[in-house]
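Same chain, two partners: subunit A is paired with subunit B first, then with subunit C.
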Partner chain A sequence: MSEGGEEGRERTGYATYALVWLGLMGLTWLSVTVAGLEAGALKIAGPLVIAAIKAVFVLAFFMHLKTERGLIRWVVVIGLIAFIVSGALVFSDVAYR
Partner chain B sequence: MNETVEKVASHRDYAGAKLGMWLFLLTELGLFFGPLLLYVMHDIRHPEAFHAASQSLDKTIGFANTLILLTSSLTAALSVASIRRGKTELTLIFIFVTITLGGIFLVNKYLEWTGKIAHGIYPGGDAFAELPPGEAVFYGLYFFTTGLHGLHVIAGMIVLAVTATLTAGGIVNKRDFVKLENAALYWHLVDIIWIFLFPFFYLIS
Partner chain C sequence: MASEGAGYLGGGGGPNGLSSWIFSTDHKRIGILYLVSILSFFVVGVSLGFLMRLELISHGPTIMEASTYNSVFTLHGVVMLFLFIIPATPSIFGNFFLPIMIGANDVSFPKLNLLSWWFYMAGAALALATLALGPADTGWTFYAPYSLRTGTYVSLAVFAVFVLGLSSILTGINFVTTVHRLRAPGMGFWRMPLFVWAVYATAWIQIVATPILGVNLLLVIAERVFGIGVFDPAKGGDPILYQHLFWIYSHPAVYIMILPGMGIISEIIPVFARKVIFGYRAIAYSSLGIAGVGSLVWGHHMFVSGSSYTAGVIFSFFTFLVAIPSAIKVFNWVGTLYKGSIWLGTPFFFALAFIFLFSIGGLTGLILGALSVNVHLHDTYFVVSHFHYIKFGGAGFAFFAGLHYWLPKMTGRMYNARVANWSCLILFIGFNTLFFPMLLLGIEGMPRRYFDYLPQYSTLQIVSIVGSWVLVAGLIIMFANLLRGAFRGARTTENPWGGATLEWKIPSPPGRENFEKIPEVTKGPYDFRGLR
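Let's turn to the complex of A and B:
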């Protein structure tokens, strides 16, 4: 059966999910703390970098990209790169005009 | 002949189903990418106004809603983990908790919105018209983006409820759970979008 591979796929344990969740909660707290700091650049970049790290955690563990087939991983990575590049181009155009 | 019909009827394409879901999720990201780019562009033009407007949002509700949605993502992931182990009841409990947490998120959002609307701050409202241009743009983007996200939360809750029905009926089971897995993927995406909306609207301006 075609889904045989699906059942055989590596299963993530309940404990791993719980650990990732704890990490996400901690990172959320950290982002609020960083945003309250006086330091200018860190105040803006910090929460965004932390959000990106949280998104990677969700993608890798909750959405199983870590154990997903190569094709799906490539589709997602290429899609995300396209968004990042177009965002960076628009940002540089607006910020340094 | 009968054998062929049977084979066709039982044909399942997990790889195709999930690839299709991921492609759809990328288009969903694109939907929110536009408003966030607009946010960045206007934030550069009106930094003070964005800061002032952002300060008026309730960080505590935003923070609480982030924790709620992250927890709902955990329970969505656990529902998939449970069905893979053949634990139907546990799966249904996790789906129920996920939907409930989505509901709590929406209640908080409702309270937050009505607080602003009561002060006339909504597109077309009296106080809204008096706002400096930058702040009006901030609130416009805030209502549009969080409203669009809220619709996605509702859609996710409906999809999960349908999947729960299918699970209870045995259509989603240990050997065939791609419908639940895709529903959970959708829910995680809604969570990821909020992971970014939270710092943009509540923290960094």
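Let's turn to the complex of A and C:
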């Protein structure tokens, strides 16, 4: 938590934010490059994996989950479970159609 | 005991101008803002529904053309769902009573709360703007690919719903945080009133499911404006994916409507039965169960859309499963009434009407949840009747029950009980006369959303139309009585019903601060010892 005077929590410096941002830009470039390759299924799986890594960076640093505790982390877990279950149910249609 | 002046309502030298209301961060005033705005839109929705029914009084065009009929039922759906029944109970009663019931002086984020109302008004303005510009003709579901191709103002209507969704998410975040952070000393989770439990479970659905609708709607706009091919099969898209993303939110939205209503009923039943509620923990858990399992049943809207048989079986199973927590609630309410010292007050009559109508809605839902039967009944009047029994007979009547239960607390004045009882009876008769024939029409094959019908359906259509007149008469009587009561009714006491939850321990209407000193909670919410 970087504001609000929360005690015992590490502040994230601007340099870290800038570094993460640069990392995200690099991953975006990689994503576009992989999508342009003649690589079959990798063309889809690659950008999806890269997007997942980018999401982790955004959650950890820009949304401060790296330093958050308790309920806030549970909110993310609930969201993640909802995403996985919803995705699985959609695929129960798409995969067997 | 009434509060000095008119409490939070102003007067006694306190600020009471328009700006003191529309920029207020007091949760009670925001609750009243929602009350006034939501009921105004309810009038619009009822008028559109009334006109739709009237159009069908004779064959061929009666009072409107077919294209107008399409626009009217679309706007009726959008207004009734997104402007009335989804926000009604959480935004009005949740805002007003949730903080009080847990012993807090406000919600966790009062400014965000006000912003939610402003987003709600902005969304409403956009939705109603389509009325002037040329309403969408897609139905409230905006199904692709038609919604991508029609020339009507679909993008604007869709964006309106997006903004309304934003409002709903912010309200959900506020309520979850408030319940976790602002409970009074001694107010453990298992001492929370069941209305709070219900609103809490609802808030989680608002947070988790609404963003999916938001993304879906933005994709519709992107497809219409930029021509990307996500849903349009002509561009390689998948229209069934639209239905998945739409119903992932929109089925849980049914529980956003009904769960808080069930919370209201769980408050009223023990108070009027003068008994501790039967199965408190089972009701609380069933709220979470409905929120959880109810999020896994959306595919039953798509049994005939071309989705896979495997998916159909899975979604049918979950649909039957979600009936269990709903049935637990009904069983426990009836169990509470058993051997109770029942007091026949108006809120209680509405609660009984709710149980009856919701049960019909729930049981017809099970019929629709069966794969084979659904093929016959899909997109017929049976579906229309089923969801009106849930949304109006269930959530709507629970909301009316809440109005009759809590309005004396909100305004400090009591309505005429005799007129209120009559209005409940007229509404009950009107509702069933309007919607029960639709079940029969559906079984006989009358498709929904049709501007005209075969002569064999005439008798039941006419009965249903007469029902709409009775229902509207009941609504007029009920609201006239409540309005008169709110402004000119006799002053009421602090605790007119003998309730045991915290809102009945503060003045009617409450003061600007809910509690001069945050209370210490020492007993459960339905412990009536020492009360009336």
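Please note the rule applied: the second predicted complex is superposed on the first by the 90 of 97 C-alpha atoms of A that agree within 3 Å, B and C clash if a C-alpha of one lies under 4 Å from a C-alpha of the other, contacts with A are read in each partner's own complex, and residues count from 1 in each chain.
To be clear about the criterion, a contact is a pair of C-beta atoms (placed from the backbone, for glycine too) under 8 Å apart; a residue touches a chain by one contact, two chains touch by 3 or more.
Just so you know, these numbers come straight off a predicted model, no measurement behind them.
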item	value
Clash-or-fit label for the pair subunit B, subunit C on subunit A	clash
Residues of subunit A touched, compared between subunit B and subunit C (which is higher)	B
Which of subunit B and subunit C A:T28 touches, first, second, both or neither	first
Partner chain in contact with A:V77 - subunit B first, subunit C second, else both or neither	neither
First, second, both or neither for A:L19, with subunit B first and subunit C second	neither
Subunit B versus subunit C as contact partner of A:F62, first or second or both or neither	first
Which superposed partner A:L37 touches (first subunit B, second subunit C, both, neither)	neither
First (subunit B), second (subunit C), both or neither touched by A:V90	both
First (subunit B), second (subunit C), both or neither touched by A:K54	first
Contacts on subunit A seen with subunit B and repeated with subunit C across the two complexes	71, 75, 79, 90, 94-95
Subunit A partner contacts - residues on subunit C that touch it in the complex	180, 204, 207-209, 212, 240-241, 244, 248, 295-296, 298-299, 302, 306-311, 314-315
Parts of subunit A lying in touch with subunit B, wherever the complex brings them together	1-3, 5-7, 11-14, 17-18, 20-21, 24-25, 28, 31-32, 35, 43-44, 47-48, 50-51, 54-55, 58-59, 61-63, 68-69, 71-72, 75-76, 79-80, 83, 87, 90-91, 94-95
Footprint of subunit A on subunit B - complex, ascending	11-15, 18-19, 22-23, 26, 29-30, 33, 37, 40-41, 44, 59, 63, 66-67, 70-71, 73-74, 76-78, 81, 84-85, 174-176, 178, 184-185, 188-189, 191-192, 195-196, 198-199, 203-204
Touching residues on subunit A, where the partner in the complex is subunit C	71, 75, 78-79, 82, 85-86, 89-90, 92-97
